[in-house]
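Per-chain numbering from 1; labels A, B, C, D and E assigned in written order.
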Amino acid sequence: VGCSNPATQIKTNSETGTSAPVSANLVRLGFSAWPGWFPWQVAQDQGIFAANKTPVDLKWFDGYLESISTLNTGQIDANSQTLGDTVSSIGGGTDLVVVLTNDNSTGNDKVIARPGINSVADLKGKKVAAEEGTVDHFLLLQGLKKAGLSAKDIQFVPLETGKAATAFVGGQVDAVAVFAPFTTQALKRGGSKELFSSKDFPGSISDHLVFTRKFVNEHGDLVQGLVNSWFATLDYIKANPDKAYEIMAKRAGVSIEEYKQYADGTSIFSVEQNLKAFPVGNNMASLPFAAKQMSQFLNEVGLVKTQPDLSKLFDDRFVKAYAEKAPKS
Amino acid sequence: MSQPDKPHSIQSLIKPRTMGSTVFWRLAEDIPRPLNLTLLITSLTLPLLIWWLITTFGKIDPKFLPSPGNVLEAGGRLWTSGDLLKDTVASLWRVGVGFSLAALLSIPVGVMMGSFPSIRALLEPLFGLIRYMPAPAFIPLLILYLGIGEEPKVTLIFIGVFFFNSLMVMDTVKFVPKDLIEATYMLGGNRREVLTQVILPHVLPGIIDACRINLAAAWQLVIVSELIAATEGLGRRISVAGRFLRTDEIFVGLIVIGTIGLTFDLMFQYLLQVTCNWSSQKR
Amino acid sequence: MSQPDKPHSIQSLIKPRTMGSTVFWRLAEDIPRPLNLTLLITSLTLPLLIWWLITTFGKIDPKFLPSPGNVLEAGGRLWTSGDLLKDTVASLWRVGVGFSLAALLSIPVGVMMGSFPSIRALLEPLFGLIRYMPAPAFIPLLILYLGIGEEPKVTLIFIGVFFFNSLMVMDTVKFVPKDLIEATYMLGGNRREVLTQVILPHVLPGIIDACRINLAAAWQLVIVSELIAATEGLGRRISVAGRFLRTDEIFVGLIVIGTIGLTFDLMFQYLLQVTCNWSSQKR
Amino acid sequence: MFLQIDNLCKNFNTKNGTLTVLKNINMAIAQGEFICAVGASGSGKSTLLRQIAGLDTPTIGEVRIEGQRVIAPGPDRGMVFQHYTLYPWMSVQDNAEFGLKLQGIPKKVRREQASYYLSVVGLSAFAKALPKELSGGMKQRVAIARALASEPKILLMDEPFGALDVHTKESMHEFMLDLWQRTNITIFMITHDVEEAVFLSNRIYALGSRPGTVRKEIQIKLPHRNATVKRHSIFHDYRDELMDLLRQHGQEAMLAAA
Amino acid sequence: MFLQIDNLCKNFNTKNGTLTVLKNINMAIAQGEFICAVGASGSGKSTLLRQIAGLDTPTIGEVRIEGQRVIAPGPDRGMVFQHYTLYPWMSVQDNAEFGLKLQGIPKKVRREQASYYLSVVGLSAFAKALPKELSGGMKQRVAIARALASEPKILLMDEPFGALDVHTKESMHEFMLDLWQRTNITIFMITHDVEEAVFLSNRIYALGSRPGTVRKEIQIKLPHRNATVKRHSIFHDYRDELMDLLRQHGQEAMLAAA
């Protein structure tokens, strides 16, 4: 808008394609570093958005948090974020809709401890760093609960995820709860090991495509287009794994080998898994149930003052519509 | 001196101009006390009024711009829960310690740099270089070396103040009249005595002024420093509020910091008046 | 005048002292050029040498403190990939635009505040208050109002510079001799002419000096401003490197920023010398 | 009368209440006179000059020039200040032109006008120099040229030669007398150098202190005006009379202060 | 000889090459003399005084006091500068004491010593005042008291009364003569006020400019030293002789500069 940085003219080797031309009718989609979201980059680079007639302005965020606050302020229409953060945004008064589950974390969120700490029980009285209010914090508390400990039994150190990993490597804390690719960094500390991970708590950490309600109401077609693009991308990755991994590893800033390690820790959700997750249920496999758990957790740690209304959070129309039209795989 | 003839009769070209008298637009002259006071009060109430009008009649989402009422309410809430006091004390302590240490060290260093051209040559390029380096860049290194306690937070503020303050103190030394230094030599003073008993007292007002400016710079760093594993503090309160878009709490934090800052500013100005009443120059 | 008797014969009490001559410890006197140059060079090479020694013989994890070689290598890597150039241009542009806008606006505002006590009374308390508010606190608000493009980044730097610079420019105006203003009235100048043709040129050196200091302050904000959804920039490079503990890249970023800063600093100093050669005071 | 000061009083409000600096000043000065005002430090000389210049307004009474009441500063009165008030960033030529520029005189005209007056003060050769390159006496001469360039009706000078060395001062004296005789301008000059006053003026007002009042008005009639007149006994008589007066005022003031 | 200056030359390195400011200065001053050095502005008077003070070192030649070569500043020479060099943050008493404090004199002794010299300069009543509360003359008197308090062998003064008004200047002259006669201190004073030089000193060095050299040395013998002597023809003769000399130097300098 009359304010353009000349640096955008400069080409570099690490460039991963340019964003779509700005037009009135487009989706401004944000995403950040998480294995479940890197496929968006593939969609962009391989022209999958265009193929689905969905103009997308794909916005990369170095900081996951910034992507959330940008969605909250309405500067983008959609973002890739976890269920927990979506709940806390709603607690903060933003009206959001979850239309798609990208993946579940099955090991890419880890609690990592220094040598000498061999069980969750050993964490008692120790310094544990995590980013306050995030899914990793949630994971940490769930792990403690399972081991019969409570939040008060550890010394919690609130640190941004990257800094938490740094502090752990620097020997300043005894354990951290972080997500990939910061797990790799934390594990660089000699002798450190994983205590438990999201694998042990299936369903507790799910990642979604989240829209503002206003956009869903006004541009249902574009939302549908984006959902369709996502599944088309998954198909593309399956068909061309080498090319896709190259793109995703580049975006993540790690080598292809390293990137492949993350693949196990993230279970990308198929249409079917999506359809199963949306209905109300009484375990973590059900999104509305998980959302309620999350909201309780946020309330307990004092980050959200009142438990928000979650009844209209999930909207499975778009996934359903895709499932009906799509050829069965 | 032989002079040419006067070339023009200029009087015919000059249009008489008289300057209207004015009170508000007085230039470099004092204005009457009551007007001054009125303007001072306007300065702080007018923005408040505009704010109130916008939020009351503008139908703005309070998430985007909370009304003064909202902010007051949030302030009250944080106050009664005790959080605000805790945050304020924590931040005050950090800024206080970081700034004081930086001031305490930078004053002698700056005075030495200003007094001895050799020390100046030795330190100025290095300090000039470091001064430009953004203090937040040091956070990962500070966590690595100093941990996650108070040390890295205080150190960050220290780094943000020390280099600026040294260079600014250095600059004040050049205003010491050379005559005064030479007079001291003539009275039998040696270099050390000139430094401690003549230069130092003479630059005191300049030092206080530099510190006044850099205290403000220290508060600028409070948010960044409290990103390092803080569990309380005004900066942390603001950044958490920013994440959850509790704009009212951001405003509470900002207003508290602004008020604290202004209070210290006035204290520094008072200090300046009291300790430097010998200075004939008005500051 | 009736005087009492002289009380003491002081001469016996005074021990003769002579001041040794010195070159290095010369106080407020110029030192020889070659020594000056030597010290200048030492200033920048000595820390480098120490750094090299520590990393070579200290057996320090390069993740904690990379060696000069590591940093050079990382710099080369970033340079050949074109990233470094892109980052540098991006940050230079942001700081340049934000700072220039702030300077352009704060200079007239500051001069007006310094010249008209009424405007000063109207703005000083407000500016004094805002100056203390940490610029990073405005990030959520800036995103709300200005989005995530270049505008909020530039605005953040603007905010960080504008209030400081206004108040510092204001301070310089008080050094304009009242005689000079009155002389202009006597020559038929009105207030506007005094402002533009007398006060403004007279405070020019002071303004340049204030801008010089605040350019450094602007660079301090580059990291924070590039937290707002930046995809390139030195600040972003440093914060991403910090997250992944690529200490060598942090150092590259810091050194590039420091060098750019110092270059601008020298340019400002040169500007000062050229435009203000009329000033008899050495700056 | 050309310049008329009627019953002028000036008070200042200070921390310790109202300070009366000037009281009942009456002066009447004809066109073409060279007036000196002498008085001890603090007797209100500068304050009086500021009222005439219009830089300040009297508490009571008024100043009139050619019948017009003075209410604001303006280029019909040229002023030379005690301290050098040249614009340090302008060349000598630009300094001399500046008043004319403010009055919107076309560039060519003002250039010639200023050059003329620079030649009058003998500084044509320095037109391009900056003030810092000039000696004290040269600076004051530029200030005089600048004041004269607007062709004021009256030249007001506040101890213009106080900071000059004796030799420079003497040549400035000669210059002033020469200027006065050639242009027939009215001059009102403040000094505390009694000899200077006697040598230059045709009438002297001696001011007393606390509050400043006109204590004595002395018409000066010297046989001729050049350096040798200073050895003349008439010169000495004037000088001593004024000196005694000032000494006496000084003692009064000291007693009042104690 | 008490103070001996042998063949002193002083060059400065400037942008435009070497500037010779003083050339072949020879002076011999006995204990208890009151010497004045006069000369036009720029003739190097201050430079000469700085060599005697030890604040600067001669390029060639040397200054000796009681046979000892001067190499550094020190309290055996008291100095009064042209501009007020009081420490503005210290009271008058503390200013007067400061030299003694630097020399480690016990508090009680230095308090009494300083008080004595403050009474000598007639400022006992102002002991607690700050310098900014004093008039110009009073400030210079404090500076003199401060210099005297260390009981220097010689008092060096660089145009100490240049900025004072005539009345204050006269009383300072009386004070200096009184001081000199009572203490028998050696005084070396720079001035460009010829009358001042003739009135105060017993010997005058007249310096010429570019480079500064001693042009003339005049022994002053006045019948008595009080205000009336200024009307005496001997006084006038001395005055005029010096004045002519300076005028001539001034013209030479002007020609040299042009």
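Simple rule for what comes next: a contact is a pair of C-beta atoms (placed from the backbone, for glycine too) under 8 Å apart; a residue touches a chain by one contact, two chains touch by 3 or more.
Keep in mind the model is a prediction, meaning the values are calculated, not measured.
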item	value
Touching chain C and also chain E, the following chains	B, D
Best-connected chain pair, where connection means C-beta pairs in contact	B-C
Chain whose mean Cα position lies farthest from chain D	A
For chain A paired with chain E, centre-to-centre distance based on mean C-alpha positions, whole Å	84
Interchain centroid distance [CA atoms averaged], chain B/chain D, Å	44
Between chain C and chain A, distance of the C-alpha-averaged centres to the nearest whole Å	41
Numbers and ranges of chain C residues touching at least 2 other chains	14, 17, 19, 64, 140, 144, 185, 188, 239, 242-243, 245
Per-residue multi-chain contacts in chain E, two or more chains	72-75, 103, 150
Multi-chain contact sites of chain A, meaning residues that touch two or more partners	69, 73, 160, 163, 166, 169-170
Contacting residues of chain B [partner chain E, same complex]	177, 179-180, 182-189, 193, 197-198, 201-202, 204, 276-280
Chain B - residues contacting chain A, complex	63-64, 139-140, 143-145, 147-148, 227-231, 240, 242-246
Residues on chain D engaged by chain E in the complex (per definition of touch)	40-41, 125, 135-136, 162-163, 165-168, 170-171, 192-194, 227, 231, 236, 240, 243, 246-247, 250
Chain B partner contacts - residues on chain C that touch it in the complex	14, 17, 19, 22-31, 35-36, 39-40, 42-44, 47, 64, 115-118, 121-126, 128-137, 139-141, 144-145, 160, 164, 168, 173-174, 176, 178, 181, 185, 188, 190-191, 194-195, 199, 213, 216-217, 219-224, 235, 238-239, 241-243, 245, 247, 250, 253-254, 257-262, 265, 282-283
Complex contacts: residues of chain D adjacent to chain C	53, 55, 72-75, 77-79, 81, 83, 85, 87-90, 98-99, 102-103, 130-132, 146-147, 150
